[in-house]
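Before I ask anything, here is the structure I am working with.
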Amino acid sequence: MQALTNRSKVVSDKKMTFIEWIYIPAILKGMSITLRHFFKKKATISYPEQKREFSQVYRGQHVLKRDEEGRERCTACGLCAVACPAEAITMVAAERKPGEEHLYREEKYASIYEINMLRCIFCGDCEEACPKEAIFLTDRIVASEYKRAPFIYGKDILVEPLDLNLRVDVSARQTENVLKFKQNKRFAHNK
Amino acid sequence: MVEQVPYINFAWLVPALPLLGFLITGLAYKRLKHNQAGIIASTMVVLSFLVSAALFFVLQSSGKDSATVTLFNWIVIGNMNIPFALLIDHLSLTMMLIITGVGALIHIYSIGYMHGDDRVNSFFAQMNLFTFSMLLLVMGANYLVLFIGWEGVGLCSYLLIGFWFKNPAFNYAARKAFVMNRIGDLGFILGIILLFLTFKSVTFSEVFSHAAKLQPGAPVITLITLFLLIGAVGKSAQIPLFTWLPDAMAGPTPVSALIHAATMVTAGIYMIARSSILYNLAPITLNVIIVIGLATALLAAIIGLKQNDIKKVLAYSTVSQLGYMFIALGLGAYSTAVFHVTTHAFFKALLFLGAGSVIHAMGGEQDIRKMGGLRKKMPYTYFTFLAGTLAISGIPPFSGFFSKDLILAKAYEHNILIYILALGGALITCFYMFRLLYLVFSGEQRLPGVHPHESPRVMTIPLVILSILAVFGGFLNIPSLLGGDSKFTTFLQCAVISKVPEEISRYTEIALIVISLILLIRVIIFVYWRYVKKALIPAGETETKPFFSRLVYNKFYIDEIYIALFEKHFGYLSDFFFHKIENTVLDPVVDEIGAATSRFGTMVRRLQPGNMSFYLFAMVAGILLFIVFILII
Amino acid sequence: MKEVSSAIQLIPLDNYIMLSVALFSIGLMGVLFRRNIIVVLMCLELMFNSVNLLITAFSAYHSDPSGQVFVFFIMIVAAAEVAVGLSIVVMMKRNVESVDINLLNRLRW
Amino acid sequence: MDWTLLIYKTLFLFLILLITLLVAMYSTYGERKVAAFMQDRRGPNRAGPFGLLQPLADGLKMFMKEEIIPLTANRYLFILGPSIAMTTALLTGVVIPWGATITIGGREFPMQIADLNIGILYVFAMVSIGVYGIMIGGWASNNKYALYGAIRAASQMISYELAMGMSIVALVLTTGSLSLHEIVEQQHGMHWNIFYQPLGFLIFLICAFAETNRAPFDLPECETELIGGYHTEYSSMKLGFYLFAEYINMFISSAVIATLYFGGYNMPFIDDIGLSANIVTILGTIFFFLKIFGFIFLFMWIRWTLPRFRYDQLMNLGWKGLIPLSIFNILATGIYYYFTELK
Amino acid sequence: MVFLFYMLSAIMIISALLIVFNRNPINNVIFLIVCFIAMAGHYILLNAQFLAVVHIIVYTGAIMVLFLFVIMLLNLNKAIIPHKSRATRILAVITGGIFFLVLLAATRQTIEIHPRYPFTSDIGLVKEVGQTLFHEFLLPFEMSSALFIAAMVGAIMFGKKDV
């Protein structure tokens, strides 16, 4: 079998030499190792102040996107809820009243849209299931809370703000490849 | 207090080294490999010899006659103080050099001889213990230390004779030697006790200085010397206590060489020489010594004529030679006796070792009737044996000549009868020695199936050294007649007070030498004619022999006489004591004492209920009562 | 240290004797009183120590240090005794499942 | 009675107590920092600058926690345990010479509370009493883990006390005095005892680890086997006492090691500079504390380097390793002095 | 000083009595420890500092730990062993009392002490004790080490399970 690391040693119960038997060199060696680590650069960062860079495909807190005119894209089709393996998504659909065209893109919209963040496993299936490019997972971290109730995120948190400057950028998730992939009807979930 | 000689305090090393060897080989005998024990033991003795030699030169250069090394205070009772002290003077140095020198050679020889024996480690331990004891014997500065050595050599002799204890006959021989020695020791102890009662000391110097004040021939002195003589007779195998020595040949040959030829048996001679001052005061004892010595010399020599066992012949020759030494002692020529001890140690050790070499080569066969023709096969052994034979026969210029001739000269001066008898003994000695030589080495090999071969180097080299000593040892004491200055005699003079002047008239001496020489050569020619030319073989066990021959062959039936005289009666006596006295009187008394105690114990044990609390209460009550008792009183 | 030395002059030796005797008697009482062998051993220690105290007091009043050396030796003996005694107790507990001194009654005919 | 001296001593006593507690407090912080650093972490850094207020927060937490005495526990002994642990830990500081003598207005103020002529033995005695805190606490909890911890602690401390005592005997052979003050004075300049007794120092150091129940000898409280060992049932400030006692012990041990083997408040080459005596004394005290901190760091360093012993290994090391070694050390020292001083 | 003496004595006697009359072995041990520490105080009063510290190390630090250890190991915390019978107990108390009186009477008769040496406060110091120990009592000292070895071997032999 191939060794997993290059530092592995074969264990044997051969008789120790005197130098090994008094252990002191070994102890000193170990102490020198710990001392070296003492002065090493620390691996920890002070999190809230400093943040590590997320990878492109990081899947964090969800966002419900609006379109260019500020209309919600979600039509409450329910595909995301169906796709969700953790059953974290619930929604109530409603019909768009006249005069609300500037709010919702289609005739149907989600009047209530909730994701239970305690259940969500951030698999990203909802994002793939969505035919309307409405839900995305972003590189934001779900904030910690003291109670369980606030973890059920409603539309007030999930839907991105109207202000164009405050919109969540999901361009990393909508590359050419992704879009092309989504158009491909060969894959079952896109049907 | 004598001013100390420098470095003399190292004298304790001389006995200590063999003791160390004994401890090493004795305690670690299970761990030592085949030759290690021998090498250790030999090294110790060789070192001891070197120390002795160093002591010799130290004493010589210091110009002193003697030195006493007190190791520690041994017995201190009241105003009696017996120190454990070593006396280094010319006499003890001579003996030390003989013991360690010859002993070292025999030890080395034994490495080869005992090779392959499964108890070889025990053998060397015992040999070393013997050397230690013997050194203690000769170095002791008082009779008690001497006695320790005396008993120690007796013990080692017993152990070594019975070394091959699986053979019951050997065990019997060992026991016999021990018992015989005990008889002598009893006399010796009595002598020491009497000495102590008389002189209030057992230290040599004090005893001798006290003794010098006594009248010659005083009964006390005679008694003491007689008692001591009994010890010497036992140890030195004289009539009537000599029968153990031939039987002692049961031990391994190096043992015979070291103990029963070179050293231990001369302990008696040494003791008498050491006590020369006492003996000079007891003319009766001296005469007794002459008689004993003469009788022993002749009797043993005659017995030796008909013996067929190679070692038995040598044993009887030893007894006979010891008789010669006794004659010298009895004549008051102590230094001559010691000189004969020295030369005898050389050639007799040589002969025994040669015999051992022969036995080794013959695969354990000791009967000379079955040997023969070994000259070609064992040249070293042959030539060294020849040297020994010439020496013991007293052929000039071999060492035996000088010492024996001195004794004969002294005898002649004292009494012509003694001279004639002694000369006869010498001729007989010459006869049986050459008989032995020719039977063993000349002619054809008579025992089929054996392929004799020369012994290994480790055995022949000691032989060669000893033969050199046997040949030239006599030059230590060249008499003035031959242009020498009697070095040895002069050397010993300060330690041994001889009674008679050591010089006799020159012409008589020459005449004596010539007479003995002529007779010796005739004897040798006769032996040559009888055993080489006619190739006579001594008769076997079964053949009938003439009366005298049978008598001699059976050693004059002395053993049988002893058995009839003493052993049987003692047996009856002990039977009587066992059946009548012990069984009917002593046993019931002892039994009754035990039974009564037991009954009493049964009563008392009821006091012990086994309850700890009770014990504690009882204890406290006892203490309370005790304190109250003290307070009231 | 000078103040301490005056203590010896302030307190009569009789007080120490009385104290030691009292402790000794209490220890003795305990030895007789209790059935638990460990407590008996402890009471023995108490008796030892009362003797120690007395010897030390005598030594101090005598100005002779050899008394204190003796206390030292008594301590050694006590330590050895405790080691052996407690091992016996462990043994006893193991064999008879109890440390009751009255059960140690095998020591008879 | 010299009232000035009395007042000074009392004040000094309180000062030492304060410093001891302070150092112990910040040792907890240091421990966490060192542990973090050795594991490439940052450690406490939120409470106050660099997390310096963390010990206060911890202490506060300890006080605020609920006080629990188990129903089956022996109430009095349960309380007695941590008290003994804390008391004996604090008692030891009395004999340690924290500095040389300061002279103010012709009056000498030694920076040591009591200069006993048997100072080492006093330390030793206090350490030996310290076992009771753990044993009684562990036993009184009436909990098997606690009992195991207590028994482990007792046997461990007795075993290592022997070797420690014997290493000190060798040291005393070289110094010829049992007084800590004298021992420090003898090490003036660079004549530190470590150079004369390297083996003794090693033995003493190892035994000090065992006596303070620090890793790798922390079997009495080893979490993986015994939950919390002898303080399994403890909570609130009684637990705090135990933990605190451990850090105090560590501080005192470091001080004793520094005193016995590293010259205490002595600095090399200080005589050559030519400063006034008082300044030298103060510098010495600072230097002494630096040494102590060094040793505390060593304690932590080793804790975060070496894995814990197994119980049989611990006993083997103590009885078959250290005791023979320390006897050998005594012997070697004795022979050396026999041949050098008895000429 | 006198006050100290009486206080320590009172502590000692009370704790000693508690050892005898308290039924819980663990409490007994703790009272004995208290008693011993008070005794160390007495030693210091008597100027025997070295002895005091050795006393604490040996008795409190080693012997009592052993006691505690054994009690813990054998789990003797419950006072399962009954007291002795009432008669025995009364007898014990009486015996103890009589012993006290008799010993007191005995010691009352002791003669007045005449110090062999001039009074010094140094005899309790390590130096003095050590010199006496290693000059006059060297052989007993060495013998005691032999005793210790014997005790150790004995204890180990007893402690072995199968002997």
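By letter and in written order, the chains are A, B, C, D and E; residue numbering begins at 1 in each of them.
As a convention for this text, contacts are C-beta pairs under 8 Å (C-beta built on N, C-alpha and C of every residue); 3 or more make two chains touch, one makes a residue touch a chain.
Being a predicted model, the structure only gives us computed values, none of them experimental.
Colleague: Quick one: how many steps at least from chain A to chain E, stepping chain to touching chain?
Modeller: Minimal hop count between chain A and chain E: 2.
Colleague: Using the touch definition from the top, what's the fewest steps needed to get from chain A to chain B?
Modeller: Shortest path length, in steps: 3.
Colleague: Using each chain's Cα centroid, which is most distant from the centroid of chain E?
Modeller: Most remote chain from chain E, centroid-wise, comes out as A.
Colleague: If we define chain centres by averaging CA atoms, which chain lands farthest from chain D? Would you check?
Modeller: If we average the C-alpha coordinates per chain, B ends up farthest from chain D.
Colleague: Using the touch rule from the top, work out which pair, C-E or B-C, shares more C-beta pairs.
Modeller: Counting C-beta pairs in contact for C-E and B-C gives the edge to C-E.
Colleague: Taking each chain's centre as its mean C-alpha position, how far apart are chain C and chain D in Å?
Modeller: Computed value for the inter-centroid distance: 32 Å.
Colleague: So what's the Cα centroid distance for chain A and chain C, whole Å?
Modeller: The separation of the two C-alpha centroids amounts to 76 Å.
Colleague: Taking the mean of the C-alpha atoms as each chain's centre, how many Å separate chain A from chain D?
Modeller: Centre-to-centre distance between chain A and chain D: 51 Å.
Colleague: Can you tell me which residues of chain A touch two or more of the remaining chains?
Modeller: Touching at least two other chains: none.
Colleague: Where in chain D do residues touch at least two different other chains?
Modeller: none
Colleague: Of all residues in chain B, which are in touch with two or more distinct other chains?
Modeller: Those would be 613, 617, 620.
Colleague: Can you name every chain pair that touches?
Modeller: Pairs of chains that touch one another: A-D, B-C, B-E, C-E, D-E.
Colleague: Quick one: in the complex, what on chain D touches chain E?
Modeller: Chain D reaches chain E through residues 74, 77, 80, 116-118, 121-122, 124-125, 127-129, 131-132, 135-136, 139, 147, 150-151, 154-155, 158, 161, 178.
Colleague: Over in the complex, which chain C residues touch chain B? Could you list them?
Modeller: Against chain B, the touching part of chain C is residues 28, 31-32, 35, 101-102, 104-109.
Colleague: Any idea which chain E residues touch chain C in the complex?
Modeller: Answer in residue numbers: 1-2, 4-5, 9, 12-13, 16-17, 19-20, 25, 28-29, 32, 35-36, 39, 42-48, 50-51, 54-55, 58-59, 62-63, 66-67, 70-71, 73-74, 76, 81-84, 88-89, 91-93, 95-97, 99-100, 103-104, 107, 110, 113, 115-121, 123-124, 128-129, 131-133, 136-137, 140-141, 144, 147-148, 150-152, 154-156, 158-159, 161.
Colleague: In the complex, go through chain B and note every residue touching chain C.
Modeller: 605-606, 608-613, 616-617, 620
Colleague: In the complex of these two chains, what residues of chain B are touching chain E?
Modeller: Its residues touching chain E are 613, 617, 620-621, 623-624, 627-628, 630-631.
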